[in-house]
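Sharing a structure, written as structure tokens. Questions coming.
Each chain gets a letter, A, B and C, in the order it is written, and its residues are counted from 1.
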Amino acid sequence: MRTKLSRPVLWTPRLRTPLLFVGMAALLIAVGVGQSWVVSLSILNLCLISAIMALGLNMQWGYAGLLNVGVMGFAALGGLAGVLISQSPVADAWSAGGAGLGIALAVVVAAALLIVLLRRFVRRKPLRTAGTAVVLVAGFFIARIFFDPAVDEIERIDSATTGYLGGAGLPIILSWIVGGLLAAGAAWLIGKVALGLRSDYFAIATLGIAEIVITVIKNEDWLSRGVKNVTGLDRPVPYEIDLQQSSWFLDLVHWLGADPITGSSIFVKLCYAVLFALVLIAIVWLAERALNSPWGRMMRAIRDNEDAAAAMGKDVTRRHMQIFVLGAAVTGIAGAMLTTLDGQFTPGSYQPLRFTFLVWVMVIVGGSGNNWGAVFGGFLVWFVWVEAEPAGFWLMDAITAGLPEDKPLRAHLLDSAAYMRLIVMGLILLLVMRFSPRGIIPERRGR
Amino acid sequence: MSFLAGEGMTGGYGGADIIRDCTIEAEQGEVAVIVGPNGAGKSTAMKAVFGMIVLREGAVRLDGEDITRLSPQERVRKGMGFVPQERNVFTTMTVQENLEMGAYIRSEGVADTMARVFDLFPILKERRRQPAGELSGGQRQQVAIGRALMTEPRLLMLDEPTAGVSPVVMDDLFDRILEIRATGIAILMVEQNAAQALTIADRGYVLVTGQNRHTDTGEALLADPEVRRSFLGG
Amino acid sequence: MTDVANAIVLLLNFVIVPGVAYGSQLALGALGVTLIFGILRFANFAHGDVMAFGTMVVLLTTWWFQGMGVGIAPLPTALIALPFGIVGAAAFNLAADRVVFRFYRRRKSPPVILLIASVGVMFALQGIVRFIIGPDDRRLADGARFIIKASEFKAATGLKEGLAIKLSQGLTLAVAAIAVAALFWFLHRTRAGKAMRAYSDNEDLALLSGVSPDRVVFYAWLIAATLAAVAGTMYGIDKSYKPFTYFQLLLPIFASAILGGIGHPIGAVAGGFIVALSETAVTYAYKKFLRYLVPESWEPSGLMQLLSTDYKLAISFVILVVVLLVRPTGIFRGRVLS
């Protein structure tokens, strides 16, 4: 038995975690002073959202060992909720195609019910399989009979500005909850199919489902306007223009000795930051309580030895379903928050690298199984992701400074500097995995 | 000094010693059998001889050469053949390919050896194009033994070769083992079916809790009333 | 009768021929994934980008050849640049193994760790490829365009529908056939190939037989890289070269490998063709096809398209899910190389 090496006092978890967050804050302040406060706050807001996404994935991977490679899909569903909640309904579209869509939906539900009944009451397996297939195919074609013309009608209505059903016309902040629910519902469906698969198959399955979610959102214009995007979403915070014209704000800015335009921008970003921080704090609080409850301990026990847990009578798949749905809900909330912050929903911007694999880097680098680790990973990795671009540019500029301005190599290197961030991310992930495999803030064990 | 000599072997997995001061020997042209109750460390003793566990004390010598520090792979090159108890054939490869893999480290004379293995196990010749996974349990054991023979070992080690096969197949396997002995190879075998195994043993080791309890010829052990009472069920 | 012939030609032209070409590309990709899985036991998420990397080297070499006026017209110049791409991809894979994967392999880390490490490699590799050549769409094909032109076919047969076979499609099939044949010859007829199969089947017994794990792993990376470069180049010649599409190919490639039984080479090939043909068949609009076959009064009003082409990816995925549910081992009961 080897005794553990004694570590410097600073590296005890009790002190290390706060110190790391202080360091992170210092980085953001440095950007505020060195670059600009607007940039610094933009980064902070996305750090907060990233931290929530990382928390969601950390529940699935860190607590339960579920290899979810479909984070992007849940984030996009959350984002879709932003549109479905806040946009005003398009009355013409509803009257033109609502009925047809309704019938199509009814057909789908009826087919689903029929399949459930079939699978419950028909005993003979070949008959059951054949019946399921028949209902599935028939349901698909019958639904299409109603669905296709309805969609054509909807998409024809004022397609330059609407061409979709619109939303519920409610405050967008509600979409944070609805986004979570939407993602959770999707996770439940996916879990029904994919949980219980071997971990690598589960990974590939979730990767595929995320792609399908994005494909649907991109192509079903009646629902989301697809790649035509939905812009000008409702805001939970004031608009800069309004601030610049309200006297209290001008007085405040004047008193601070700042410029009203920059000031309004900073003020708006601060409002977002406060909202996001509240959500983050709430989720961390809940996550910490959950992780340290008997439920959390059981979850980790299952993760560490699935067979033993199953032998002890734990229903592994059921537990996995719970955590998968919960994690997806958190990811969905973050997705809705992101759409809110952007003020627009752009299906084309969902790329697995940014929305799935980057979140993975956050969790692994931060420390899987530890909520604070996930939060810190979200902050740090997002910061590096954003700042790697200017840093790469600066680096390339420095390296090629000796070359003449118009040399093609120099131009190429400067053009390509943006891709440094991908290389940096890969390196960070690999280095942390190799030299600090449990992450920067490792999971607390032995309790 | 015996051809194979594992002397005073002590060791096990992790921290705990499973075998203690255990001595196992085998001569060329002889069958040595290790028997004993469950958990007595029979397989561990054989693994120690083959270098699959690290010894804390003791030494293993083959033909006078100290091989205590060699890896199992190196011991194969020194002339040891080992037939594991489970997963001892390549199920997706044909019988012939299994034998070829047995001879992987050899560059010449493979065809002759294979012909001899086929002589010993004629059914394998018949089935040589069939995947080993499709064979019956007894035939699979023949493939496993044949694979180990392909390196032309001077010592053949068998870990419970008759586990899970029918009595008829067991008798057949023991007959083949005697045929292999006749070629002058030393054979070391761990057996659960102690009474039957000792009938073909030139040398028997009864292990209890990782230590030598009785060592004698197979015949003598079978005749020993204490051995009969304690280990052979009367 | 001519109506039936026309309908068949239509189907051949728009479903079978493109499906077979795409299927060959997927099969080559899936073989690489399945090989790595069979030997190293993990799903390599970097494989799509290794394809992109190898093809990038081919593209750069092609430009160099074109600049020097070297070519093999009517065949595409990329074909003589292919060996360079193979060397490039192999060098990358071997370097990645040395720097990243070997460490985890020697510690016997669980496959999941290697999978996540492959995500790290994927990130870095995407960066490297874009850093060198950028994210844009580029043309890799030159030389002749068609083996059979639609107009020639019409003139020769007198049918209303034309059948066009692009040179790239014929070439893809031929190259894939050669590559697959060479791989099977290697796996079943050579000592090294048999050692690989043995290692994949039963690692412990293979080690006991004197198989060197490092050697086996070396061959696995080498062959996977070769297949990746070939697959990527054929895809690039057939369509075009854009780094991101290679990452997207990962999903149908995984689907093909799992469908056929992961770790099973014949399965990977079969899986590739099934996935590709399903994609083209399900997204084809059958309106014209049916018009040839049914009486005029039955003529369908819609396009008779099961799903829009945008849902291609979804199809490979649905197949994947059905296979995982119905027969998780895949068609050929995968797990090991055989």
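Operating definition for what follows: contacts are C-beta pairs under 8 Å (C-beta built on N, C-alpha and C of every residue); 3 or more make two chains touch, one makes a residue touch a chain.
Since the structure is predicted, the reported quantities are computational estimates derived from the model, not experimental observations.
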Chain whose Cα centroid lies at the greatest distance from that of subunit A: B
Result of counting contacting C-beta pairs for B-C and A-C, higher pair: A-C
Chain closest to the middle, measuring from C-alpha centroids that were averaged per chain: C
Subunit A and subunit B: spacing of chain centres that average the CA atoms, whole Å: 58
Distance from subunit C to subunit A - Cα centre to Cα centre, in angstrom: 31
Distance from the mean Cα position of subunit C to that of subunit B, given in whole angstrom: 47
Junction residues of subunit B, two or more chains touched: none
For the subunit C and subunit B complex, residues of the former touching the latter: 191, 194-195, 197-198, 201-202, 204-211, 336-338
Parts of subunit C lying in touch with subunit A, wherever the complex brings them together: 42-43, 100, 103, 111-113, 115-117, 119-128, 130-132, 134, 247-248, 250-251, 254-255, 258, 302, 308, 310-311, 313-314, 316-317, 320-321, 324-325, 328
Contact set on subunit B toward subunit C in their complex: 72-73, 76-77, 82, 84, 87-93, 97, 100-102, 104-105, 131, 147
Subunit A residues within the subunit C interface of the complex: 65, 67, 148, 193-194, 197-201, 203-205, 207-209, 211-212, 215, 218-219, 352-353, 357, 360-361, 364, 415-416, 419-427, 429-430, 433-434, 437
